[in-house]
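Next up, some structures in structure tokens.
One chain, chain A, links the two complexes that follow: it is found with chain B in the first and with chain C in the second.
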Partner chain A sequence: MSDLLENHIVDVIVLGTLVLSAVWAVLSPRLLRAVIGLAVASCCVTIALFRLDSPLAGVFELSVCAGLISAVFISTISLSQLETEESIAGASKERIRRYWYLPPLLVLVGIAVFQIRLVDFPEVARVGKDVRQVLWTERHLDLLGQVTVLLAGAFGVVVLFKENKKHER
Partner chain B sequence: MNAELLSVYITAIVLVATAGLYYLLVTTNLIRAVIGLELVTKAVTVGLVLAGKLTGNTGLTQTLVITLIVVEVVVMVVAVGLILLGHKHTNGVDVRQLRNIKG
Partner chain C sequence: MLALLVLGPIAALLLLNLPWRNVPRWALNASVLSLAFAELFVAVSLPALLSGAGLPLLDQLHFGLVADDLTRIMLAAIGLVLGAATLVGQDSISGDRKHRLFCSLLLVSLTGMNATVLLSDFFSMYVFLEVTAVASFILIAQDRALLAIEGAFRYLILSAVAAVFMLAACGLLVLSAGGTSFDAVRAALSSGTEHGVLARVALGVFVLGMFIKGGVVPFHGWLPGAYGSAPSAVSVLLSGIVTKVSGIYALVRIVHSVYVPDAKLSMVLLVLGTVSILVGAIAALGQTDMKRMLAYSSISQVGYIVLALGAGGELGVVAASFHLFNHAIFKSLLFVVAAAIESRAGTSELSRLGGIGGKMPVTGATATLGMLSAAGIPPFAGFFSKLLIIVALFKSDHTYFAVVAVLASLLTLGYFLSMQRQAFFGKPAEGLEDVTEATSGFLVPALVLATITVFAGVLFPFLLDSSFSFLLLSKSLPW
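Entry: the complex of A and B
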């Protein structure tokens, strides 16, 4: 264990912060704080991706998940005006009753998973191609799928708010 | 990769996924349900990249993670649009209120 802390202290701190921010996002009574916890978790995932030799995925994670998604969540909270002091006070008792199982459950799961005996993985040289080569040659159909999903999402949102205008008339 | 470090990574992945799944199961607030889904996706992202690092195939796993992020954003935006529409009808984001909607 001391060897782990000496040689991989950054990984341990990043993963510890990831778990803590995820738990904070779940347990926080305020939605805004939950969203901030999610953004911090995204930042920790980004650092973990950089540590695992995946910088391009890390950049996507940071810009899209930590930036865009947090902005969309905060806009939604402000548009729906959900965060009032009364609603938070009303929900807090019910939240304690529902969520008190989570910390002991996480401790038990953590101990159980940490007990699993794993073997050392030897450092493997890169057997695959560079990410750009894979994306543009082997997995180019994924790009078509991504464009289709993006268009489906865009049309979905347009239709949702178009329907809404119809009802308003 | 060191077995102890691998244990730490796998434990963190399982814990974040457990927290997200618990959130999805327990909450009745739709925005919180989407946050739970995001947490599970974070765990899957780290798991995929860890697998790529162990097998030396980081190019393929990064490609998969980029696709995952695109799908994640689209699902999240459509879910938020539905939540806002539901909020206009029920003046809340509680799942229990949606049971009263007919048609």
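Entry: the complex of A and C
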């Protein structure tokens, strides 16, 4: 166990920060702090991806999850109604009451994963192809699927939000 | 050629949403209905289509689509339910803009479902299941009623959990099998190495996601709310085919083409199937709303499909596939009936209905046919698929489960008779004296689906004898 920790000290720190920031994102009573927690978690995932030799995935995670999505959340929060201090405090207590088991559960899962030593699982042969090559030459259908999800999202915005504005007027 | 089934709906979607000034309702309906007919045509004539020359342009695309007889069953079911949902939408969705968006989302959903049933890769399957799921969330919430938004939100949350499971499974499959294609996973599973063990774990995690999306007990919490609160046409689509393709089809596909469950896994499927049958049926007995009763009935019927897969063997897979098809047809029929009643009576609460059979004779008659088929009464299609399931259970020495399946059919008959009595028999309830028969948008799909339920049952022995390729999966085209 101690050897494992020594060899993977950076990974342990990154994963520990990831867990803490994720828990913070769920338990934080203020949306803005929750978004910051989420962004920190995304940054930790980015570091993990870089360390796992997946720089492209890391860049995507950093730009889309930590960057773009945080920006969207913050813009939305700035447009939403502010709550009173009392309601924030009430929500905070309620959230801690509901999710008190989450941090110890995550720690237990982490310990269990180390115990069964999934990291020692036999290594698979590396796929020689570059991820870009795979994406653009072999997985056309997945790209089409992602475009279709975006299209569906656009319809969602039109269906669920556009007419609301008209009603408000 | 198969790529057209995925590209066709996207092309129609883009075409209908070009900045035309006004697309008439008939044009929207015609485009979706023509795609529904195309599904049926492909389902019937697939071998001939595949043996013909392909289109050079489409051959350039690396879509990796393949088809066999199970795909044909699913394409036929998708075509029929899509057609029914379109016709119900024509008469139940008010406002041209809303109707246009409804048709557009039907096309998105069709793209996702077609790709899912034609794929032989777990990651691609995950991507297109998400396409179907996103369209479904929006369709459920499109009326922006509080209950509908709550139903959509529950579905969204549980679907997100399922997606996490499936994505994690894909990662584990890459780690263990070196890829996510069915061939690679099958090879890893049969390798007998540690990779095989990890691939088995990954497959289990993927199936867990499927169970959530399919509404199998104990992951069924989202289903009654979503079905019950969605607009009528959307309920038809969701109950008839979306949850079948999103959850149960993938399970049937895995058992058929990737991994034959061992004794322990079979037992898990048998227990889950039985619990689903019983919980769904008992919960349906206590419902006071017709749509919610049908939703719980769906949970119970899905249990039969899981039970058939647990029985194992080719007969188990055939029984599961046939019940999957039958359930898509009779459950769509019953939701069309519920939609017709709601459109006329303004409610689907059973306590506020009564004697509506006399006012809506065609609706009442088709409802009776659907209910009898769902309860497994001969000579309807539901009887033969349940019979196949029970024979498969006996053949695999799972007598106790077969007995439970037979007894649970009595529960099904019980809640459907209760629904019939409350909604259709007796004197017309207060305020329903002036109710008249539903419009053609409800009657045409109800009659078509009822006819299929009757004929698939009456002709079943002949269909089996004459090597009807839908039911003989051993004659599958190669994957």
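Just so it is clear, the second predicted complex is superposed on the first by the 145 of 169 C-alpha atoms of A that agree within 3 Å, B and C clash if a C-alpha of one lies under 4 Å from a C-alpha of the other, contacts with A are read in each partner's own complex, and residues count from 1 in each chain.
Operating definition for what follows: a residue touches a chain if its C-beta (ideal position, glycine included) is under 8 Å from a C-beta of that chain, and two chains touch if they have at least 3 such contacts.
These numbers were taken from a predicted model, which means no experiment stands behind them.
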Chain B versus chain C as contact partner of A:137, first or second or both or neither: second
When both partners are placed on the shared chain, which of chain B and chain C touches more of chain A: B
Touched partner set for A:39, first chain B, second chain C, both or neither: neither
Contacts of A:156 with chain B and chain C, given as first, second, both or neither: both
Partner chain(s) touched by A:11 [first = chain B, second = chain C, both, neither]: first
Touched partner set for A:47, first chain B, second chain C, both or neither: neither
Partner chain(s) touched by A:146 [first = chain B, second = chain C, both, neither]: both
Partner chain in contact with A:105 - chain B first, chain C second, else both or neither: first
First, second, both or neither for A:22, with chain B first and chain C second: first
Doubly contacted chain A residues - partners chain C and chain B: 121, 124-125, 127, 138-139, 142, 145-146, 149, 152-153, 156, 160, 163-164
Complex contacts: residues of chain C adjacent to chain A: 6, 10, 13, 61-65, 97, 101, 104-105, 108, 111-112, 115, 119, 123-124, 127-128, 130-131, 134-135, 137-138, 141-142, 144, 174-176, 178-179, 193-195, 198
Chain B partner contacts - residues on chain A that touch it in the complex: 1, 3-4, 7-8, 11-12, 15-16, 18-19, 22-23, 25-26, 31, 34-35, 38, 41-42, 45, 48-49, 52-54, 56-57, 60-61, 64-65, 68-69, 72-73, 76-77, 79-80, 82, 98-99, 101-102, 105-106, 109-110, 113-114, 116-121, 123-131, 133-135, 138-139, 142, 145-146, 149-150, 152-153, 156-157, 160-161, 163-164
Touching residues on chain B, where the partner in the complex is chain A: 1-12, 14-16, 18-20, 22-23, 26-27, 29, 31-32, 34-36, 38-39, 42, 45-46, 49-50, 52-67, 69-78, 80-85, 87-88, 93
Footprint of chain C on chain A - complex, ascending: 121-122, 124-125, 127, 137-142, 144-146, 148-149, 151-153, 155-156, 158-160, 163-164
